[in-house]
């Protein structure tokens, strides 16, 4: 915003912009050019990585239109979330598209070179949690992160999780994804020395109540360094993890 | 019931009881003498162990009265649950009483010799769960079981739990007690090869909602061989564990 | 784990394994060979009984693959839970399969000889609870138990339940399955002198809320010796009951 | 209302009331004299029985004032509900008062002669439910009913309930009061052939959630002929039961 | 039960039944012949009215089988609840059947002559509540009651309800059926001087939550003489109302 | 009501109506002609604007029938809510119909000239809330209001909302529609100096629970001058806003 | 905001403010002088009426300090909400204070002359709802409204409410306050032709759950023209009602 | 763990440790010396910062004992959470203690030099949220972070929040703390380009339900880059924020 207002005020000073026009511009669009807010409410972390389109509730035509404009603006990588298979097929007739059907997420353009602090580890309690994990993984990769996934390491078979202790110790951020009793976040939180993002999933039956059981478990985790995103919100977890993994960009604060 | 009815029918046959009287007796009290149901709904497991008095909602005088009658009947060990400190003091003026203030439970008479299949292990996630564990432990001991307690072995510090792997492998029944996210039951359930009784506790704050978070977690445990009793119900867990640990008494079924 | 570490240490001692290699092996796989944890988180109770495959979320090809490997390893009886009719048909083209469509559960190989302490009684409140009961029954049989089922003995028609008092008195473990008000567990718990596993079901309408009413009822049972598994979790109840019914295998603890 | 309007219209016709006045009177008080609605929203069942004062939120002075007016109007029996002990003491300095401290309910004047169809049976699951039962019992007696109470006949000790089968079979209406799992209503509903009013109570701990568990149980009762009033609402149950027990007064409908 | 036991004892006395056999018979079937409990847990009110079959979860073949047996036993009127249209069609090929598609309920045989105390009034808040009302109406008629229905008299248009004040004042029992805010029960409860059975319905949208809003409203009704049955339970309300309307049969208690 | 009663009383006075008939008419229909209550519980605000038909649960034939009668009575504008596309097609064969498929609402006849105090602003948090907004907009227009809609101005992109500050400052009533966290109502409530009607929507996933999250948020809004209608209730919001925007008609109170 | 920016830009133009300073001022305080937002988030409706202080969580000293400053600024009437009796006593030693202990609300200075469109009617279902009503009444009066209160007109005694039909018909805005089943809002909404603000209260017992039952009822009201504020939020209702009653001030929009 | 095992293996190799002893040591304490897990389940981020004692449920004597041991081990800064005022007074007699009564948190020893990436901003919606904020602030400072707090910037007075846009833009991590509708997290999440940790608080009344309203709001935040910790969990937020702010320590991953 700084530069723009500076220019505006300079214009007022040198007479090229009238006081009335300046006032109007300031009232009408005080935040319009700030640049850190995006059409889909996704905040861009930094230059050079993917732009994001939230696919749900948009037609494939609308999505293609947005993609056209983005590419015109020079955007190299575009991430489309909540994209069902039918729309993906239509879009891929016009654009190159790497589509992940489990995570219902697509990428146009190359994955950027990973430039984060370290590796993001994504762990799931069971195999049914994999779609959420895939959404998180593609998101994180498209935002410039190295990602490793370990699936089906739920706490009821502790040996499976413990065989990945090295991965846990070497991660810079961990995304722990689990349904049912959601204990995975607490156990990983106790083992790791990096931030853990917990994602409850709606996997389960009986008294799991579409994820509320896992959500409450994760909120009540007795481990420190664990925070939680919404049920099944793989994108949100990947985005948050990427933000943390790129804290190296914040050196000047 | 068998013997009584047999006598009754014999009496009818030899004329010492009239048909009308017999019919009346049968209608009035068909289950009265069965013997396997008790005044406090606690089912006696077998001869020789503790009778149980549910202390809440009874005056210390009433409790003493029941104890008098029990001792007259030759009962050696009496267990009194939900007994607050004030009543315990009054009772101990008249009866020998081992009172456990944390578990709010008292025992009159000697603990019976352990005669179960093996050892019951009682594990808690945190120190705040100890009152529930003490109630379970005293209950199980009074019912003739060897008991070992390991406290504060919650899953967020896995090394604490894993240092007790031998105890877990050697138990015949395990009682897993935890509040907050209640993950302890799943982890122990995955490590042990014996039945696990899970007890959610009302310990926690924020979104733990007086135990409902732990309760849902435990109901949704992804480990097999785990079942759940009511929130904070240490007595119920101790009773159930003792029943399982005395399955050796059921050989003739 | 014992033997392996012993061998490893011996190898270090005699120089056949270097210190560095030994250290790496210890870190990488501390729990890998323990043997008491299984791929599907089901804990094997003892040798000679069924291995278990959790069918939901696996293709019939994957299930066949696992079965092949199990049979190669000499497994005689294999239990497949949450198996829908379509997959069952595909599997039965390759393997002998006793499929129970109500319980959505299949068994390959012979049922093992019952070798438990006594008989497991499975009782349901209504006819709609039968699918859950069937899942429990097949599970218990495949794990080496004698099972008897009595259906539609809900408490609103007490005479139906009371006509089975002998079965209740003679069981070694009872599984009480009910939806709606879930009172069956309390009533049976009051009559029986053996452990009772309660299973709430999602049967009912109106304010039954997919089993939560029955779940809360059973958690609050005023009878002792009752514990609860998840809503509709017939497998879990059968597994727990079998564990208790085989406590005779735990003599050496 | 009939008579009043008739008089009014007659007055209009004979000119003693102006059209304008009549219109005003009709608008202002269309329902004022109907007589079947009472200051405390309690509907009087018929002449000769108790008037009712809802004591909560009224000072003892206010209650005395209302009682004065009622007695002036010739009311012989007055029932005061939700009356705490302190207020009861003050009132009894001025009025004769039979106060029931458990049920927190008081009666001034004689109990009317029972003139209902039969006897109302009040049954509770446990001893802690007795206060609710006492409120129901005093209410029913003050409204002209014969009442019998059987306490602590919860379903976990079925023999206790079954020893009262005669009472159940002979009642004209039954009030079933229970907390915890609330199964009493279903079991009695299955045994009796008269209407059953179920009252959930807030008795219990853990997951009983102040009566919601019992409320849901009773709503889901699989027995017919059972309906439910609010948690701990002994008065409401007594009132409803009395209404049913006096259906003999409705012959002319 | 009386006669049977009397015969049994007489048989023991005269030697025609051995003591052992008598004991066995008593244990096996103590309640089998009582007669007041029915296969579908519906309690028969008195002779001469409809038997009831709960249709859900039964095939049309099973229903026909039960009907055959009932008719053989001389039953003239049979009521089948929760009967979907397809099964009704099959059944009506074999039996005369008056089928009510809205209430999903069918009647075989003539409606009995109304012999209750008075008329049952069934009122609904809106038109969407009519299916529940129809189920109640058919049930009550088949059980021998005169029934009047007034629909769409919800409290937001009070004039509609008030135009039926005469019906309200003249009813012997009222069934008040409403979804959404469920206020109808309170308003009718305040106007009527007879028992009111309230039925919450799952009608509504937004925060009505499948009837829980109406259910809570009705439980909290500030009117006396109102009790509640389960959400959408028209049958239960009709059954309860009929029981109350036939209290004239209970004169001898 | 005034005029009718006046006529009635005059008739009584001049003998043209008998006293008995008058009484009967007064009892039977005291509120029938009042005019401010409508068949669909929608209260007409004033003459000259739309009549409303609630379309759900009515056949297109029934709707046409009601429309016929309304037009006969001289009604110019008719609003039909909750009208699905199929019925709309049938109706438009017979009547001119402006149908809004998103809001599932139709208008027959011309929109009345706006005659309210000012402009109603309708704002949504996201694009998925638009159907609810359209229902509100069509309702408000048909009731004689000028309406402006701004969509997708959720609080996570504050600049989008702030670019509409002028619209907010110039509105006479604002309808704030949002799902998920429902924060829009609070933020607008803090910016505006006119009444705000908040509408939670069922838009969202995970822990949004069909609108309950947004509903609770809006109820707890820390801004004054905000009140809430039911989840997804666009009609109710449009109706309430119109009522407030026509307070100029209430000058004589 | 207009004027200030105009001045600023003029200053930039004539050189009296440097471009840098102007930019800083614009960034730092873009909204600081807007004037329509207040320290306690209460939005002033217009000049001449009460300023509002939210008393909870402020010491009496802090409140006096704020009052001092307000009076210095020429404020004549000050409203203090959520003010307990102790603080009120301290404040009244320094300031004239009309304190309403039931509504826990105080007023310093004269009530302004009523200048709204008409009269605000405040109605409660029971006497226990009066504190909430008093808070609403004092708020509305201090904001310049004529107020009439009618208490204890709950729907279970409809005659009480109907005797106030004139008040309902003559009000410009109605506040309907009720706990328990909350039906008052629907019934009044059906009778009135002005906006109705509904306030659920936490009054009730049993399944009223601190107002949630009344809240859900009111959200689901089948009457149009009803919106809801938070449980027990008398201030919010009075504020909203005043806003609506002063729509005459909005003529220029 | 590395070094210890290396030493152990070396000991085995050179014979100073027997194979048997080594095996025992490995089984008994496989995780005991790892160092990244702490007695209070708090994970140490790195050397040189505070150790943490969880004060709740510990006596002041126990806390002093732990502090003694920590100081012996050379710990310079000790943080004690959930520490009530009474215990703080006792501890401060023995140790220097900076006690924050609002946050109920104490610090012994100097605050470490801030060495994180940037500044942590802590923002609250209202003044009642300050205790949670203080707990977060002291935690973050004791863990080596620069902290800035801005209080009472709730979204209903947007100008208050917008006057802190610079602080928001310059923070490296933000902790957003709010009760009631919890919208603060979404609004800040939309403005900031750094990770946001949201903390719901139990502040509010009516339908805020002890924080559940705020919790659901925050879980459903439509802004990316927001994750949530438990209700009122200021410590957890401060800990997580510090972890993220020290990602500069993770360069070697």
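As written, the chain order gives the labels A, B, C, D, E, F, G and H, with residue 1 at the start of each chain.
Assume a contact is a pair of C-beta atoms (placed from the backbone, for glycine too) under 8 Å apart; a residue touches a chain by one contact, two chains touch by 3 or more.
In this text the structure is predicted, and so the values were computed from the model without any measurement.
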Subject >> Chain located farthest away, centre of chain F as origin (C-alpha) >> reply: B
**OP:** Please flag the chain sitting at the greatest distance from chain A, going by CA centroids.
**Re:** D
Subject >> Equivalent interface to F-H, taken from D-E, A-B or D-F so that over half of the residue contact pairs match >> reply: A-B
Original post:
When the contacting C-beta pairs are counted for D-E and for C-H, which pair yields the higher total?
Top reply: D-E
Original post:
Rounded to the nearest whole Å, what is the centre-to-centre distance of chain A and chain E, using the mean of the C-alpha atoms as each centre?
Top reply: 56
Original post:
In whole angstrom, what separates the CA-based centres of chain B and chain H?
Top reply: 40
Subject >> Residues of chain G engaged with two or more neighbouring chains >> reply: 27, 30, 37, 41, 154, 156-158, 189-191, 206-207, 212, 215, 219-223, 230-231
Subject >> Contact footprint of chain H on chain C as seen in their complex >> reply: 1-2, 5-6, 9-10, 12-13, 15, 19, 22-23, 26-27, 30
Original post:
Considering the complex alone, what residue numbers of chain F touch chain H?
Top reply: 125-126, 154-158, 180-183, 186-187, 189-191, 204, 206-209, 212-214, 216-223
Original post:
Tell me, which parts of chain G touch chain F in their complex?
Top reply: 36-37, 41-45, 117-119, 170-172, 189-195, 197, 215, 219-231, 235-237, 239-240, 243-245, 247-248, 250-251, 253
